[in-house]
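Sharing a structure here in structure tokens format.
Going by the order they are written in, the chains are A, B, C and D; count residues from 1 in each one.
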Amino acid sequence: MLREMLKYALILMCVTLAASGALGFVNQLTQPKIAAQKQLELQKGLSAVLPGTADGIIVPDEENAVYRGYANQDTSDFRGIAFSSFAKGYSSTIWTLVGLDSNGTVMKIRVLGQQETPGLGTKCMEIRSGESEPWWQAQFEGKFAPDLRVDKDGGEIVSITGATITSRAITNDIAARSGTIIEKLKMTE
Amino acid sequence: MNIIATALLDLVDLIAGSVRSRAFSGGVHPEDCKHYTEHKIIEQCPLPDYVIIPLQQHIGAPSECLVEKGMSVKTGQPLSKSTQFVSVPVHASISGRIAAIEKRPHPGGNQSLSIVIENDGKDEWFDPAPDTPIDTDNIDIDDLKQRIQDAGIAGMGGASFPTHVKLSPPSDKPIDVIILNGVECEPYLTADHRLMLEKTDEILKGLHILMRIVRAKKAIIGIEKNKADAIQLMQKKTKRWKKISVLPLPVKYPQGGEKQLIRAALKRQVPAGGLPMDIGCIVQNVATALAVYEAVAFRKPLIERIVTVTGPGITEPKNFRARIGTPFHHLITASGGYTTSDVKIIHGGPMMGITELSDQVPVIKGTSGILVLDQSVSDLSREQPCISCARCVDVCPMKLMPNRIASFVEHDRIDEAVAYGLSHCIECGSCSYICPAKRHLVHYIKHGKALLVRKRNSS
Amino acid sequence: MSFKKDLIKGIFQENPVFRLMLGLCPVLATSTSVQNALGMGSAVIFVLLCSNIIVSLVRNWVPAKIRIPIYISIIATFVTIVDLVMAGYLPDLHKSLGLFIPLIVVNCIILGRAEAFAGKNGVFRSILDALGMGIGFTLALTIIATFREILGNGTWMGVPLFGPSFEPVLLMILSPGAFITIGLLIGLLNWTDHARKIRHS
Amino acid sequence: MNQRFISASPHIHDNLNIQKIMVTVIITLIPAGAWAIYLFGLQVLWITLTAIVSAVLTEFVCQKIMKRPVSILDGSAVLTGLLLAYNLPPDVPLWIPAVGSLVAVFIGKQIFGGLGFNPMNPALIGRAFLMASWPVHMTVFDAPLRNNMPVSGIDSVTGATPLAVFKHMREILIHKSDLLPEQVTQAQQTMAELNGAYMKLFIGQVGGCIGEVSALLLFLGGCYLLYHHIISWKIPVAYIGTVMILTTILGENPLFHALSGGLFLGAIYMATDMVTSPVTFRGRLLFGVGCGILTVVIRFWGGYPEGVSYSILLMNLVTPLLDKYTRPKVFGG
């Protein structure tokens, strides 16, 4: 009885060992690639929401959980900050990168990840033919971030027809987060 | 939660129940079509050339044949004797020679052993009736019951249950009320109606005998309101009897159903699967009361009854006093024959009656009418799928769900059909009548009952 | 006992989706577009193939009492490999399939085949079985995805089929659309089968 | 030739049949449609006709393909088309009723075996399909109204039915503290106006789906059906009653809720659909109560402003259970 149990344990151990060995190997191979992909995606998003930093650099400010963007390598020409917003949408958490200039005005936003209702909520990423940017995200440009509201709440952001929840979620989350970030940065500076 | 909901719903039922009139719940209102014959006085039907008397005309054990082919018999002579309690004998309804004892078509369907008597035209009586009625008050109760059984009396409303059995409840079930059924809720039929008008006194005397037998404290005569003349007459004649009351009932089918009538008359419910005697009453048809009176007071066996011959397929609809065993075609000829060649012949009323393949079948003790329909009334439309409109559930006087039971039977799921109350169905036909999809619900249910019997027998 | 039958049965008469009703969860989730369907299909084919091979190789050393945990470990390993490789080299596909790749582990088709076939047969037949089942799964997924993508998005393999005035049937992209499509397809198959049987008899 | 007819008893039948039921229901629905034509214009007529023609055609084609007897004359397909059209906004493009009827009859009914076998109300299946597929067409009410909008708050918001406005205002009032005081005052005013608009709601001078606007005409139609025993009172009374009681408990105006959002159309014409509603006395009461509860839940806490169609669809699914557990006690049992 005991012998048999030991035998089973041993066999299972061998199998799991072999499996973990194989996984470790594959992980070794793919890890850098995956990390690079993630970095690339973030980088793309960051340079999109912080225009003017394309040739400059973006420095993570870990203390405030934001990125600072500069136009030049020597970090003298401060352009703005970028931060991630995670809004609770209709059916998913929506990850948006937001770029703010030093006055707290939105430069650009980019929705990077969402699993909203196809055809409704996903319209927040829709790029109309002949345009280069998602039309819905474009309307955030140049507006003072903490005051952002969708039209149904008396604001200026036109909500997506049939997807008020998605629109409101993104808008409110950006407004709320930018408020605290602006407060914080004023204190630190 | 569940308990509260059930309690609330029961309360609703209760309120609805107390508001409800003297009627059972459900039921249908078919056109009564009684105008064909309701004012026609009962005529004596001329005696036929031969009569066919099935040995089995009642519910219960068959009776034992006493005669042989070739024998001569007289009117009223017993042709069989009952060897068991739940059984009644049959009697010769004319005098003549026994031409055959063989299987003949029975109006209830199938073939049945029958005695065929050729008429000798004399109509000689085996035991001629006394000129004056016998004083029944002096006859002892057991003797009365024996006379009723010997006279071959079985319920004449259609079910044909031996009357003496109904009158012998076990001692732990005392009977306090007798309900006399003069409802006649089947459309077209007027036999009981005419009888109540023309034989009022005899019926009441019969009722008196019945009450004496079971020691009933009171009697109620239930009559549907569409027979206003009968109600008036009965009320007039019973005025001096405190024990007997006449109860006019709303016109609704099946008001004459035993359990429905009891509900309307007494507000008592016969327990499911039980008998009226369980709640202290028995129901007898008016024609049975008359037969009882004649059997006791004139020693006259049950050899004739009132038959309504009616319907759009009959040239001259009539109410007949006809001998048992008279072939249908004889009665139909006596009513002027068919109006058309394509007809549907029905034994009984249009709601519960059985279609006959041939007009050679005889009148039996339970034949209240012969209905002949022509094409205009014969409904032969196609069955459509059930749309669960709930009409059958609403009208079912037994509060069953005919749609479900029928569909269970259709799919051979007899156990579920039984769980839904298959055996409680009284086959009144209200569900099939009302069904907008023209589904043959009662037919399925009857079929299901047959399947159930077969299943129980085989197991 | 023909090898051809081992391969073909998974595609038609024992199609895992339409006939065995296995793996319906990933079918619902990943049949929104033909690309997703093909991606999911290839991932399943890979995992199924590898797990069938390994299981049929080790089948004689695996004690019956602990075969399920061993099969699961084998399958999970390959699923994780697919997940990692896809994340590294096909990031876009990984993004849209992301959540469903790890779920392949519990996809009944794979454990089902290991249990019903690979655990009892040799390597070569197991390979054929895995290929047949995998192709059958992919085929079913692609057929469903074709309906859903064309109706629900107006595209096929990402190529717009109708003009801009086409208004896609959103429901088809949502999960009810998958239920309706699968139901109708299975109904259609059963119906034609039934009709054929009636014709034969 | 002499013929003998043979059939099982009973030998006489009520002269009501399926076709007559359907035709009666259709006729009683016509006034509400006529009112919608007067209110929104002639396109309402085209939408209705499209829906009916599409439903009948689909039924015909399905029955031909499935080799069933063709029963388009029984009127059930016409009724499905009509009810579907009555559940559409008055300004949808004509392909919407066409597709909706196709889905309603094909997926909602014929797939399951045709009339009598569908588990859910076909017209509502069609509507749910359209609602999920083209929510923008189905939720935007842009049709101009004859005599214009009666309530000021309503025309300030695009494409709104009274209930949609109600839902929005209610949200504002719930989140009072986050909002500007003038917004709140305005919302309160609009609410008051909504609650005072009984007559307009009752007669039907508001925006909404084609068939739902005039509670009065639907009510009259329902009375006719009740009088002729085509429908029974249990479901509509339990349904509307439950909605009124619950809204009262929730502190809202019960009359406003009873008169708006197609409740009359749903309670009188769709919840009473014979095939998909229970047959027992208690079953029908419970069905109505269930519809009422679900409607209120959806209206107050759900994603849609109204809730009649989804509540009926959900309750359709429990109909077999309701029938099973509310079986009447056998007479004497």
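Note that in this section a residue touches a chain if its C-beta (ideal position, glycine included) is under 8 Å from a C-beta of that chain, and two chains touch if they have at least 3 such contacts.
Everything numeric here is computed off the predicted structure, so don't read it as measured data.
Colleague: Quick one: remove chain D in your head and tell me the pieces the remaining chains form.
Modeller: Leave chain D aside; others group as A, C | B.
Colleague: Go through A-D and C-D and name the pair with more C-beta contacts between its chains.
Modeller: If we tally the C-beta pairs in contact for A-D and C-D, the bigger total goes to C-D.
Colleague: I'd like the Å distance between the centres of chain A and chain D, where a centre is the mean of that chain's Cα atoms.
Modeller: 44
Colleague: When the centre of a chain is set as the mean of its C-alpha atoms, what distance in Å lies between chain C and chain D?
Modeller: 41
Colleague: So the centre of each chain is just the mean of its C-alpha atoms; given that, what is the distance between chain B and chain C in Å?
Modeller: Distance between chain centres, rounded to whole Å: 69 Å.
Colleague: As a quick test, compute the distance in whole Å between the mean CA positions of chain A and chain C.
Modeller: 32
Colleague: Return the residues of chain A touching two or more other chains; collapse runs of consecutive numbers into ranges.
Modeller: 120
Colleague: Two or more other chains in contact with one residue: find those residues in chain C.
Modeller: 168, 170, 174
Colleague: What are the residues of chain D that contact at least two other chains?
Modeller: Chain D, residues with two or more chain partners: 135.
Colleague: Which chains touch which?
Modeller: A-C, A-D, B-D, C-D
Colleague: What residues on chain D touch chain A, complex-wise?
Modeller: 135-136, 139-140, 168, 179-180, 183, 303
Colleague: Would you tell me which residues of chain A are touching chain C in their complex?
Modeller: Those in contact with chain C are residues 7-8, 11-12, 15-16, 19, 22-23, 26-27, 29-31, 33-34, 37, 41, 113, 117-120, 129.
Colleague: Going by the contact rule set out above, which residues of chain D touch chain B in the complex?
Modeller: 1-14, 16-18, 20-21, 71, 74, 113-117, 232, 274-282, 284-286, 323, 327-333
Colleague: Using the touch definition from the top, list the residues of chain C that touch chain A in their complex.
Modeller: 32, 61-63, 65-66, 69-70, 73-74, 76-77, 80-81, 84-85, 87-89, 91, 95, 152-153, 164, 168, 170, 173-174
Colleague: Can you list the residues on chain D that touch chain C in the complex?
Modeller: 107, 111, 129, 132-135, 137
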